[in-house]
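Below is one structure, written out as structure tokens; the observations come after it.
Letters A, B and C mark the chains as written, and numbering starts fresh at 1 in each.
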Amino acid sequence: MSETTSGLLLAGVGGQGVLLASMIVADALVRAGHDVKQSEVHGMAQRGGSVFGHIRWGSRVDSPLVPLGSAEVLAAFEWAEAIRWVPYVRDGGAVVADIRMIVPPGACSDRRSWSMPYPGIDAEVFASRGLKTRLVDASAIATELGNVRAANNVVLGSLAAFLDIDVVHWEAAIEQFVPRGTEEVNLAAFRAGREASEAQIPLPTVEPEGFSGPHEIDIRHDWCKGCDICSRICPEYCLAVNGDGVLTVTNAEACTGCRLCVLLCPDFAITIHPPQEPATVPVHAVQGGASR
Amino acid sequence: MTDINTYLREWTMPHVLCPGCAHGIVLRSFLEAVDQLQLDPDKLAMVAGIGCSSRLIGHVDFCTLHGTHGRAPAFATGLKLARPELNVVVLTGDGDALAIGGNHMIHAARRNIDITVLMLSNAIYGMTGGQSAPTTPEGAVASTTPAGNTEPMFDSCKLLIGAGASFVARVFAANPLEMTKVMADGITHPGFSFIEVISDCPEYFGRYNNIGGGANMLSWMTVQDEGVAGPLSAKRFVNHVPITVLSPALATGVLEREVRPVFSGIREG
Amino acid sequence: MSDVQLIQGNEACVRGALAVGCRFYAGYPITPSSEIAEQMVRLLPGIGGVFIQMEDEIASLASIIGASIAGTKAMTATSGPGFSLMQEHIGFATMAEVPCVIVNVMRGGPSTGLPTSPSQGDVMQARWGTHGDHPAIVLAPSSVGEVFDATVRAFNLSERFRTPVIVLYDEIVGHTRESVALPDSVEIVDRIQPNSDGSEFWPKRAAADGVPPMSAFGDGHRFHITGLTHGERGFPTNDPQVAEALITRLHRKVEAHAEEIIEVEVFMMDDAETAIFAYGIVGRSAREAVLRARADGVKVGLIRPLTLWPFPYAQVAEAAKQVDTLVVAEMNLGQLIGEVERAAVGQAEIVGYLRVDGEPITPTALLNVVASVSGGQA
């Protein structure tokens, strides 16, 4: 048992299971014999918003809040959250980060990945402060295991390398907290995370096809939140939300200008220009903040 | 045709609500009504309480008063009486209007003050994380009714008709054209107009009750509202939930319209 | 001055409000303040004003805030139980910086308490009743004439600083009829209007004195008002710096002008060895006690604040340096005595005479206290 108090941070976005992971870590630390305090923030819970948890442990802990620049380790479940919270890690500490990128809907500027103002994948930002880093593609690993929602336990598996907790405690904590029936996949995810090495990180590639320029349907990507209402109600199957949550025009020629998508878009993000008007700005040229 | 987005405070967009939340559709339909009626934005005051729906007024370029939880009708009463030339529209939610603000709502209706209330009903408290509301159907799951709601729900339109509202209507967020028409009627009606818009909360109500996201919830509305079943329910909506199990049938359309003396406070003449 | 009239305290409140330009009243019936509403409904319509009886006190204050946002001077009146309900919107008016006047004719509490008996039990609620850090301006008249003046001042301070102002007096002052000569006209302060130079109006961009100009809904500036923490443009934010700037400015605009706001009557203090600190109706008993003690040769003076908040720390501190004993008389279990102790910082002995039985504090009672602290001479 350590004489002093140690702290760690978990950070991600709403819906990733950050708070569940936070409870698992805290419970594993308790099982390992530590005094533990844990605190979490999940406020105006828009899905996609920032969610984080503080955990401190030691022989005696008085406050759950980890001071800036003092965390032993940061476990980030999303890339921008890793960048956001890294100042909490002490020099020479460690960072475990999922390279998954989730552009927040409430702060969406252009969500197409090749043009969005979003931090790139670069472990150098951590190396410059002497931080031990371990990047994992947790979502891909969890998907391969059969349940993308187990990605949080992949991250915990990677985190385990930096914490002196017997694996028995980890697995007992996971079994206690994950939803009934998902114990097996979550334990598998945890084990996969332990084995994952940073060398195996494939950088995501960007495939901009599908944006080459519908002439009637004008999508304001900086306002679109990627809900599927328009794509599901379009009678002509003109629209689709792709795997990155980005709305794409898949069949521009079929648009009849019925405006159902315009009227039912909750985010004011679609304009239909009548055919007699000159061709409109192609989708790929619409940038954040531009008006029609 | 006016670009409806010119009524927005563009620099505040995108708005604060979740993906798939139909409240934005309702706001758009309201702006279409404002545009059809050619209301003067300088003389259009929107008053809201607290909650997801109430936050919308920050995004529209009118005179906007974001008051306290449930009290919007009382703020609106003062505004309207002190400045009768204002068009005053209250934007409120079901918890805001019927729980904490129920008293103010029924008394504004009873007086027949010339304001229009748009109540966006999503059967749950969204901003605080999905607790049950006075409009949560019996049996529905919310974070404070994990085993299913055991309280009966309000039929808000019956409540408001009973309280004396002279224009009462219920419309569905899935039907924007009908919404715009009814809202325009409500705004021009002399006296107190109450319009309940059945909206959605995919993030909490939809998730807790296994209905799915925004599109599925709109689809559910089309099942409820036979009058708009045409274009929306025809095609690719899947996983229809037999939500009639959760919700009693709700009468839709304009349910009350009567002309009676408009309240303007005790004043000269 | 016009002719001398015999009027009630609550009536003087109405006269003051109308003289200074109040044209909107919303209220809910409650003893002992109901006469204010009953007078307002008779007088307002004839001068272009509007009266409404609301469904409760929460709504009363909400509707006068609405009226004020529409550009009309507005007030409400209530007593303890209603004042409790109003705390929500006192906070809103403070945060949104909406001028309005709230009159609280105090009665015995807590809860329904003593509806027809006087009290000074709401002094701290008037300061701290609404949640969060906030400034407060609270005036405490002690006579019918002072009720008129305090109501006029309340509107002027409210317009000057864009903040709610509370007039606090008790059941005796409210219901006493006295002969007073009301002035034909009064000083009238109006809120500062924004420049009409075509630039975008930012409703919370303050002038150097911390007070932002205020436009009215319908005047052509389309702006946003919210009780959420907001920036100068009026829109919500969680930015810690903006939050601190807003809350500190709300305080600064009042605290930095405390001298302009604070009024204290200092009576027979030149050679006083004992001072009585009293306000409201107790201040009148204290004045009489001072006169009687002086007749017996006892050197007693009176410190009587007409402004309770901001508290007159400087004036009390000065008195504490001079006298041996400060007698604090309140019709509560000791609400301002703590502030007196803070101001006196041990320079004088503080003796409380505190009463919560619904009975007024008489000059004789105070005379006895003064006698006991000054060696039994009075």
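Operating definition for what follows: contacts are C-beta pairs under 8 Å (C-beta built on N, C-alpha and C of every residue); 3 or more make two chains touch, one makes a residue touch a chain.
Everything quoted here is computed from the prediction, not taken from an experiment.
Of all chains, A has its CA centroid at the greatest distance from the CA centroid of subunit C. The chain occupying the central position, as judged from C-alpha centroids, is B. Subunit C has its Cα centroid 53 Å from the Cα centroid of subunit A.
Between subunit A and subunit B the centroid-to-centroid distance comes to 33 Å (mean Cα coordinates, whole Å). Rounded to a whole number, the gap between the C-alpha centres of subunit B and subunit C is 39 angstrom.
By the touch rule above, subunit B contacts subunit A in their complex via residues 3-5, 8, 10, 13-25, 28-29, 127, 129, 174, 176-177, 202-203, 213-215, 218-219, 231-232, 234-237.
Per the touch definition, subunit A reaches subunit B in the complex via residues 44-48, 105-106, 108, 222-229, 231-233, 235, 260, 263-269, 271, 291-292.
Taken in their complex, subunit C has these residues touching subunit B: 23-24, 26, 41, 44-46, 48-52, 54-56, 58-60, 62-72, 74, 88-89, 92, 216-220, 222-228, 235-236. Here subunit B touches subunit C in the complex through residues 12, 41-43, 45, 47, 57-58, 61-68, 71, 73-83, 85-86, 103-104, 107, 264-268, going by the rule given at the top.
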